[in-house]
Every structure is written in structure tokens, then in C-alpha cells.
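There are two complexes below, and they share chain A, which is joined by chain B in the first and by chain C in the second.
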Partner chain A sequence: MTTQALDRPAPRKPIDWWRWAGRVFLTFLLIFTVLPMVWMVLTSIKSQFAALQYPPQWWPAEPTLQNYWRLLDPSNSVGQEFLRYFWNSFYVSLLTTVIGVVVAVPAAYAFSRFRFPGRTFLFFTVLLRNMFPAVVFLMPLFLLMRWLGLVNTHGSLILTYLTFGLPLSIWLLKGFYDNIPIQLEQAARIDGATRFQAFLYIVMPLSTPGIIATSIFSFIGAWNEYVYAYTFLSKQDSMTLPVGIQRFFTEFATDWPGLMAATFMMSVPVVVLFLVLQKYFVRALTEGAVKS
Partner chain B sequence: MAEVVLKDVVKNYGAMFAVNNVSFTVADGEFVALVGPSGCGKTTTLNLIAGLIPMSGGDIHIGDRLVNDLDPKDRDIAMVFQNYALYPNKTVFNNLAFPLQMRKLPRAEIDKKVQSAAKVLDITHLLERKPRELSGGQQQRVALGRALVRDPRAFLMDEPLSNLDAKLRVQMRSELKRFHQDLHATVVYVTHDQLEAVTMADKMAVMNGGFLQQYDTPANVFANPINTFVASFVGSPAMSLIPLEVASNGTQTVLQSSEGWELPLSPINARKALAASTKKVVLGARHSTLKLAKSAVPGSVPGKVYTVEPTGDITFAQVFISGAVVNISLEPSVAIRPDEMVFVEFDQERIHLFDGETTMALTL
Partner chain C sequence: MSIATGQGTAVLAPTLKSKRVGPLQRIYNHRADYLYVLPALLVMLIVIAYPVYYTIELSFFKTPPNLQMKDKVFVGLDNYATILSSSSFREVTMNTLIWTVFSTLFAFLIGLAAALALHREFIGRGVLRALLLIPYVVSAVAASYVWKWLYHSDFGVIGALAVQFGLTDKPINFLDNLHTVLPSLIVVNVWKEFSFAMIMLMAGLQTVPEQLLRAAQVDGANAWQRFWHVTFPHLKSVSMVTVLLLMVSNFNSFIIPWVMTGGGPAGASDIWITQIYNIAFGRQRYGVAAAYSVILFIVMMTLGYFYVKALTRGDESRAG
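Moving on to the complex of A and B:
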């Protein structure tokens, strides 16, 4: 570059009103989503009495973690119950995620790479489920689960969540595999790999961001689901967190800090998951797979 | 290294025949260029040799083995892809090492072979980088290196230079040729650029529409193109082709234009022309065999100058003759202008005659 070009004063940019409007809108959105969460955390570290005061204490005068200790202490009944719900939710979500990946990866790969009779038809039937609101399937699925003898088991939830999560996972992963040039696999096969090894050593690592993104989606979907868990499970010791917390709500109607602490704990795994894996998540949604 | 033999190889996708009854033999150590316009079935042919797609019919031998049913990994070949197909998540070192790892070589040996291949290709300083951190030319070298680390029975290359800029392409062209000479490697090299084929290959296989048109040395293909397609594909500028009709003016056999003029043929050319299946004959001539005159001379035909392109040491003129565009090379000193009426003189010894109906070359 010549020095002349550097000396010239930069032209003044006109104010970009659209950009500013966007920023204002995003700020508003941020406040709207963050405020309730802040209030939740603040309330959870208040004492019973402080939580009910009016006018409210904006900042707790005597912050306490006692509500959390109570939930995490397996020696009292509240703690036992909470930990049980937590474990149930974790177990159901994890299994949903793992089975989802195990099914979605080969399915998406097949849709992307192979031409077989009925391919298009199958692909759209996979998406058919997503065209209807989830509750539409509540009764049919409940009858189906009863017929299968799965009512009141975690299996019924895992199956249900899979039918909801898999279409999205398959769709997303197929996009990934579509973006991975087929020549990479061909090169690997010529270099001495079998078809499966080519997939394992070359394609799989390239689709890791996609697999992680779909895992997060199915985990969160299962973790937050309420209606089906409420309908399918009636035994208290098999309930998942969303249903369990709702029970807390009715049982301990006045214990706002305890309730808020439980709600906060429920959001912890999701937040942690996002924080740890966000790098992959962003890559998955913005980059696709590899650019060739 | 080994020979590669294709016999009646067919690949069809439904009614679409991508490769149709192709047979040729690449001798051990030979460099064969598979050349033809885009979509003529070159890549498909190469993929069939590699075993990446199943054949619809025919046989392929590599060395003494019939490989029809062998997986790519068992065919013991190496391939360089048009887009290089470097593994994006592996370093250059691991890209080169992958074929050896797959063959379960001991670590020390892998290390030695990768280092020596890297040295040959002058990419030692790049071994720790990822492919996306390399320039196009460097990626090209790594792709070549991945083929070189083993000694396969044959190298298959699919337009390996087409993604490089013009200057680098010329440089890599001579390097590839050098590397073939040093290794006595059997190479099947796909390109759509006839110049690449002519300059590098021992033999060239010209394809069109899934069919093998001609398989011979570049010199022979250039001198005796078997049909009008090959004639117009090989050489730059291409051979000019003028559709005419054979007739007799009482004493002589002539080629007649719809514009009214006649070109008398020498006795040999007359016999060739009369062997055509119908009266239609295509007259072919390369730019360097034609002469331009400002006034009519015996054996010349009239034409109208279309464009004049000076290139420095040669000036190319395009002349309309009987509705066809004819390329002529001229001394730069010759002064002609577009739209000028000129006369073009044909050299009877060096013209080509093709059957207007079958497009095949007319020979005795």
C-alpha cells in the first residue's frame, strides 16, 4: 500500500439507522429474557420472609444458599425428591440424546449419500411429524404406549422424544453430510480404507459440530418437555424435573425461594452444556460442514 | 508399476450411457491422457478404473489381476482429485501418512516415507499445517504427495492442474512430466485441455459422448485425426472444417461449394473423396497449411476476412469460406483488414477429407 492512501482521511460514514434500530431491539429482547432469570436467582437466595416482603427487596439483605443446600441434601425428604427428579430427567435426556445420535447419524448419511427407492418419500415422512403441534399426538401416543405396556416407564418418554427430536437431527445432519465432498471418502477408500473406515476416520470427525449441535437440541428438548411427561408418568418416583417442580409448586405454594432455587438448578445443565459446546454449536449453524 | 487394460467397459445411468464400450491398454510405465470435452465420461472412466463406482459391463485388468469386483483399497492405485480432496481436519503430515497408516506400516517407516515424499515435492516446511492454510499450488503438491508416498501400480489423476492459475499450471505440467519420467509410472491422466494432453502424454485417448474416438500418440492423432470431432478438438487453433460436395467438371474431380466455386482435387484426394458414402465431403485444413492471396491463383478459393488477431510473431486471421470459419496463420507483415475479400490456397498434400455423412476420415 502506498503512504498516500494512508494519509487520506477516512470518509465519514453516515449513521446507519437500521443497524441502530437492530441494536435497540436486541437490547430490549435481552432485557426481556434476562430480567426474569435475574429475579429468579435473586429470589432463590432470599429467606422465606424476605421473599414475601412488600415492597420487594430488590437486593436480598441477607443472601443465603440455604435453599440450595436443602435441595441437594439427600437426607431430607425435599432433597430426596428433588434429586430423584433431577436424576430421572438426566437419565431420560441422556438416553434420548445418545440413541438419537446413534440413529440419526447413519440415517442422515444414508439420505445424503445413497440413492434408494423411496428415498424422497421417506425423507418427507420423517418431516411430517414436525408439521403438527406436539399435543396433537398426545392421545394417539398415549394409547400406543398403553398398548405397548410402556405407560409409567421412562421408555415411553424416550421413544416419544425420539420421534420429536430425530427429524430435526436427521435434517440437520444430512445438511452436514451433503456439504462434505464425496471425493474425501473416495480418496480415503483409495488410500486403503473400507467404506466404513472412510466414514469413521474422515466423515465423522468433519461432522462433529453437527453431531454436537443435534445432541444439544435433543438434550434440551427432552430436558424441558412437560406435557408428555405429565401424561405418561403418574408414579411420583419416576417423574422428571418439569413435572416434579410443578408438584413442588402446588405442595410448597408459599416457598418461593425454594421453588426458585429448584428452577435455577434445572437450568444449570442446559447452560453448562451451551457454555462448553457453544463453539461447536455456532460453527454448526453458521459454517455448515467444510467448504471445499 | 503395472499395465491397465480396459475391455468393452460400459457405465450407464438408466438410459444415459456415461461410458460406452471403451477399450484401451495403458502399457506399464506409460502416460496416457484421457481427453475430451466436459461431460464426455472422462471422470466416470477414471472412477471405474479406481473402483469407486460399479461397472455396468466389461472388464478392467490392473497388472495381471482382473479387478472388476475389487474394492478401491485392494486395487493398489493412487489418485489425485480435481479438488485435491485433502482431509481438511488432518495436518499435511497426516494427510500423507493416512494411506500408510491404513496399510498398517510401522510408525518409523511411515515417518521416513512421508519425509522423503515431502522432500521430493518441496513441502517439508508445510508438514504441520492444515490444508486450508495452504495456497492452491501447495495443496496440489500435497495431493500429489499423498499419491507418491506409496508405490502403487498406477496413478490416476483427474484434471489435477485445472484449479491452478495459468503460470503455475505450466510449471506443474513440466514437473509432472519429469516425475513420470523419473518414476516410470503408469499414469492415466484426465484433462479437458487438449494442449495438456499433447504436451505430456505418451498416448492420448480422445473421448466424446461416452465413446472412445481415437487412441494413439499425440503426433499421430494430430497428423491423422480419425473423424471430424477429433480433428476439431486437437490442436489450437483447431483444424478448420468446410462442408462441401464432391463433383466432376468433366476432366477433374472437384469439391463444389454452394457459393459456386470449385476446388480441383489431386488424383489421390479425388480417390479419397469419391470413396465417401454420399456426395457430402468435409474439407479439413490446419491454419499453418493455408496460404492467403489477394487475387485468385490456381487452386485457391474466395473468402471474406472476419477477424484479424495479431499475437506478436504470428497473426491469426479468421476467414469465412463457404459459410465456415477458417483459421489461417500469417506473417505479421501481411496487411489485411476485416471484411476484405481474399483468396485462400490449399495444399493438396496436407488437406484432410472426411465423409460428410459418417464424419469419418476418408483414407485409401
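Moving on to the complex of A and C:
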């Protein structure tokens, strides 16, 4: 809208070269972004024989959905395993998200509202967790999980995913709480609400977008996680998708169409979640880094 | 660094502008506040403070390969010496730097150009933005497999396209060539994360005051001058944060090199993280891996310092 206002006072310019450069650039960028995904889908509807041809079939001569049926059919072993991985991923991601949000909400609220001694210091340590590579935590956590008897359980993953989910959640939610005027709570307090009531009935409903955004983030993070799942889980039936599909397709010769179908299926939930809740996702991504 | 103890808070408290009230008194006055933070702190203490402490401790010990940590032997700084004097350290560090710097640079520049091009309203802008963001959302494992297939030495579509357009006469073996492997992986990484920079910078562009741009235009500034003298200064802090976050995530990236090449061929795409993983879980030399992690830690802490500084500017002045 504002750009229209910007354009109007300028009289007819010959050609806006920058605008054309932008369009050309965006076209190339779109091709770069989308082509790998298109090729993934095209490969996934080919047979193994059709996929391994040179020069490649640019368009599948005999498109088939057999790779997908095989993955989704619980009566054969491939489908059975795939559906189990899928369920494991879903269940671990969901639990991580729920626990993470329950723990992060009060903490983020406290960091946003209260000025207790050590607040800044604690908040920095929370933030700095984002700086640590997962691999650094791998070994000690592996030993810790063994000591707790959690190796090869989903508990080990959920507990670990909290390490990277929690700081991020706290950070995101704090940004949302910072934007809720404190006067609203003060008004409630004057009307006789306790601090906790003010938090529960005034702040919580207002921060729903923040909670949604945070949940998407931690769900996607957990769904896509690979390193810990790869190290902690060695039993076939406890594996999550990113680790599972790897075991699956490299044991014999690689079945590329099947692998592409599996990666497609694996991407569907997060992409759908992202597309539906895009607004929140973008807000979560940029929250805090951009100050108006 | 993550160990947040009572003493730590007491030491820091006086810096928080306490007026006439002693630090302990202040902590006591705020005791209810800590209840909100406690669950989070407990989780963090178990899964963060303990591992950090343990990694540092382990870095001074020679460890048995069977994970029986009772039998570890104190060796002082031997592990560090082993790493720094090893023949591969130089090459791996070089790879890590190339990987991090070029991934960050290209992701940032492409993201910036995309953000500028998308800033203007046009039909299909929302759809385009969503499409460009998909690589950032999908799992790195999925991305790695897809690109591995695109790069396939015999049936890869990139090689086939190159032949089709007459760039080469036979398909290129991208991932098995010492010289092409790292750039090929960087392309995948940039594909995956440029839209992160794009989104951050698009949000940053919203903060550029429209009046200033118009004023500059009235004064006869051309597009480039408007960008350089008006837009870019306003993007400085968000660019800082974006570049730092990209650098951190690139330093820490494991999945793309691990899944696509496993560090090969002949270590040509080995970076610190994959090297650490190999030392720990491949060669079972946990002490050395821990020392390696500590080195990485120090680099991360330095970056982290700047990150926190860039982020929290003006945070304390906010009413609370």
C-alpha cells in the first residue's frame, strides 16, 4: 500500500531496471528452490527401472503410485516399518511440544515481567544454549540416559529435545509477552485478581498466537531432529522417521523412488503445518530480532 | 557457563541498579518470581549444565572405549595436544571455515536480494514467499537425500542437465570429487537456509521509514543510493543477528555433510562437527572428542557473546 503512494508522485519513468532485475532474480531463485522438490516428486512416481535410466525420463513415462502404496500398506514389512517410524516421530514431537510449552510459559512470563536479581544472567544462559552444537551434548547425554535407563526409549529423546526446544521457546514467548501491555494486568490486579489469576485469565488468552507459534517451532524442530535419535536409538521399532528411512533404504541397493516417496511423506506434515500457520511461523522466526 | 547457582545471582545482583536494598534482601523479596523459572531451570540444569560440565571434565581424561567411565585416566592437556598436532586438524579447520563463511555469505546475500525484491507488493507475493520458505522447513535429512539423488553420479538430474545443455560431455561426479564435494554441499546448505535470512530481512525492511525513502527520492537519490544510505543502515542490527545465527547454525551443522558424504571422500568434506562425531562414536575416543568439543565451545561462546549483545540492545530499558 505504501509503495503505491511512493510510486504515484514519480512521473512515468522509462524502465525501472531494478524492478526487472528483481523479477529475473526471483524467477531464478524460484527455479533453484522448487526444482529439487519437483524432481523428488517426479522420481517418487517412477518405478525403480524408470528412475535408473540415462538420460533420465524428464517426465515419467508410466507414472505409478506404487511406492506410496507400499509405504502406507501395513500388511507388508516396508509399510509396517514406515508407519511405525511415522507414529514414533509424531508421538515424540507432540509430547516434546506439549511439555516444552508448559514449562516455557511461566519462565518466559517471568523473564518478561519480573525484575528479580540474576534475571539478565539467567536469561543469557538460556539464550546461549542455542549456541551449543548438539554433538557437544551427545556424549554426556548418552551416558546420562544410560544411567537413567532411558537408552532406546522415547523418553530419552523427549528429554533431550527439551534442551534445544526450551531456550528457543522461552525466547520466543518472552517476545510475545513483552508486547502485551502491562496495564492490562495492572487493571486486573486493581479489580482484585491475584498475580496468578491475572496471568491465567488476562495474559494467557492474549498470548495464544505466541503459544501457537512456539508450538509449531518446537514440533517442527522435534520432527526433523536427527543427531540424537541417530545415536540414542538402535532398536528398529523405536526409531523416528529421519533415522528410520536411512536404515530402510541403504541395507540393500538404494531404492531411489522409494526413498523419494518416503522423504516426500516425511515432509508433508511439517510443510502442511507451516503453510496453514505460516503467519505465526514467520512471526516466531523474526520475533525479537527486529525491533520496531 | 550455564551453571546458574545462587552465588552467581548474588554476585550479579548489585549491577542491576538495586537501591539501598542488599542483594540477599532483593532475592528474598523476589522469591515468588523464581517459582516461574524453576521448572525451566531444572530441565536446563539436568540436560545442559551437567553435560557442559561433563564434557569439560572428560576433555582432561583418557577414556576406555567401552564407556566404562570409572576407568578413565587423567592426562592433563594431552587430548588438546593430540588434536592440535594431528595432521587432519588443519584441513578440517579449513573445511569448517570455508563451509561456514561461504554458506553464511551466500545465504545472506541471496536472502537480502530476495527480501528487497519481495518488499514491493505484487500478485502472488505471499505464495512466492511461502514456496521459498519450504526448504527451510523440511528436514535436513530429507533435503540431503533429495540432493544426493540430484547429484547422483550416473542418474543425477544435475549431471544430465549439464550434458543436455552441452556444459560437459559426461555426467559430473559431484560428491566423489575432492574439489567439487565441499562447494556442492554448500549449495545444498544455502538452498536450505537462504530463506531464513530472507524472512529476517523482510521483517527488518518493514522498519525502514517510508518517508525517508521518499525524501531521498525527491532529493534525487537513485535506487542504489537509497538502498545504501537509507535502507541498509536501518537493516544493520537485524543483519548482525541474522549473520550470527547463520554462522552458529553452519558451524554446528552436521546432517548435510554426514548424510550426504559422511565427511568423504578422503576427508574433503569433513568439518569439525562430523570429525567430533567420528572420533567419539566411530573411534570411541571420548576424551579427545570432548576436548575437540571444548575448542568448538570457545568459538561458539565468542559468537554467542556478540549474539547476545546484538539481541538485547535496549532490552533493559523496556518498561517492566
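Here is the rule we use: the second predicted complex is superposed on the first by the 241 of 292 C-alpha atoms of A that agree within 3 Å, B and C clash if a C-alpha of one lies under 4 Å from a C-alpha of the other, contacts with A are read in each partner's own complex, and residues count from 1 in each chain.
The working rule: a residue touches a chain if its C-beta (ideal position, glycine included) is under 8 Å from a C-beta of that chain, and two chains touch if they have at least 3 such contacts.
These figures come from a predicted structure and were not determined experimentally.
Colleague: First (chain B), second (chain C), both or neither: which does A:Val270 touch?
Modeller: A:Val270 contacts chain C only, not chain B.
Colleague: According to the stated criteria, A:Ala61 is in contact with first (chain B), second (chain C), both, or neither; which is it?
Modeller: In the superposition, A:Ala61 contacts neither chain B nor chain C.
Colleague: Quick check on the superposed pair: does A:Thr194 touch chain B, chain C, both, or neither? Answer first, second, both or neither.
Modeller: A:Thr194: touches chain B, not chain C.
Colleague: For A:Leu206 in the superposed arrangement: first (chain B), second (chain C), both or neither?
Modeller: So A:Leu206 only meets chain B here.
Colleague: For A:Leu184 in the superposed arrangement: first (chain B), second (chain C), both or neither?
Modeller: first
Colleague: What's your read, chain B or chain C touching more residues of chain A?
Modeller: C
Colleague: Quick check on my understanding: which residues of chain A belong to both its chain B contact set and its chain C contact set?
Modeller: Comparing the two interfaces on chain A, one with chain B and one with chain C, the shared residues are 290, 292.
Colleague: Which bits of chain C are touching chain A when the two form their complex?
Modeller: Contact set of chain C toward chain A: 1-2, 4, 8-10, 12-13, 16, 18, 23, 26-27, 30, 33-37, 39-41, 43-44, 46-48, 50-52, 54-55, 58, 67, 69, 110, 113-114, 116-121, 128, 130-135, 137-143, 145-147, 149-150, 152, 154-155, 157, 160, 163-164, 171, 191, 195-196, 199-200, 202-204, 206-207, 210, 213-214, 217-218, 223, 237-238, 241-242, 248, 251-252, 254-255, 259, 273, 276-277, 280-281, 286, 289-290, 293, 296-297, 300-301, 303-304, 307-308, 311-312, 314, 316, 318-320.
Colleague: Using the touch definition up top, name the residues of chain A that touch chain C in the complex.
Modeller: Touch list, chain A to chain C: 1-6, 9-10, 18-19, 22-23, 25-26, 29-30, 32-34, 36-37, 39-40, 43, 51-56, 103-104, 106-107, 109-122, 124-141, 143-144, 146, 159-160, 162-163, 166-167, 170, 178, 182, 220, 223-224, 226-227, 231, 241-242, 245-246, 256, 259-260, 263, 266-267, 270-271, 274-275, 278, 281-282, 285-286, 288-292.
Colleague: Residues of chain B touching chain A in their complex?
Modeller: Residues of chain B touching chain A: 47, 50, 52, 71-73, 75, 77-79, 81-83, 85, 87-89, 98-99, 102-103, 146.
Colleague: Note which residues of chain A are touching chain B in the complex, please.
Modeller: Listed in rising order, the residues of chain A that touch chain B are 181, 183-184, 186-194, 197, 201-202, 205-206, 290, 292.
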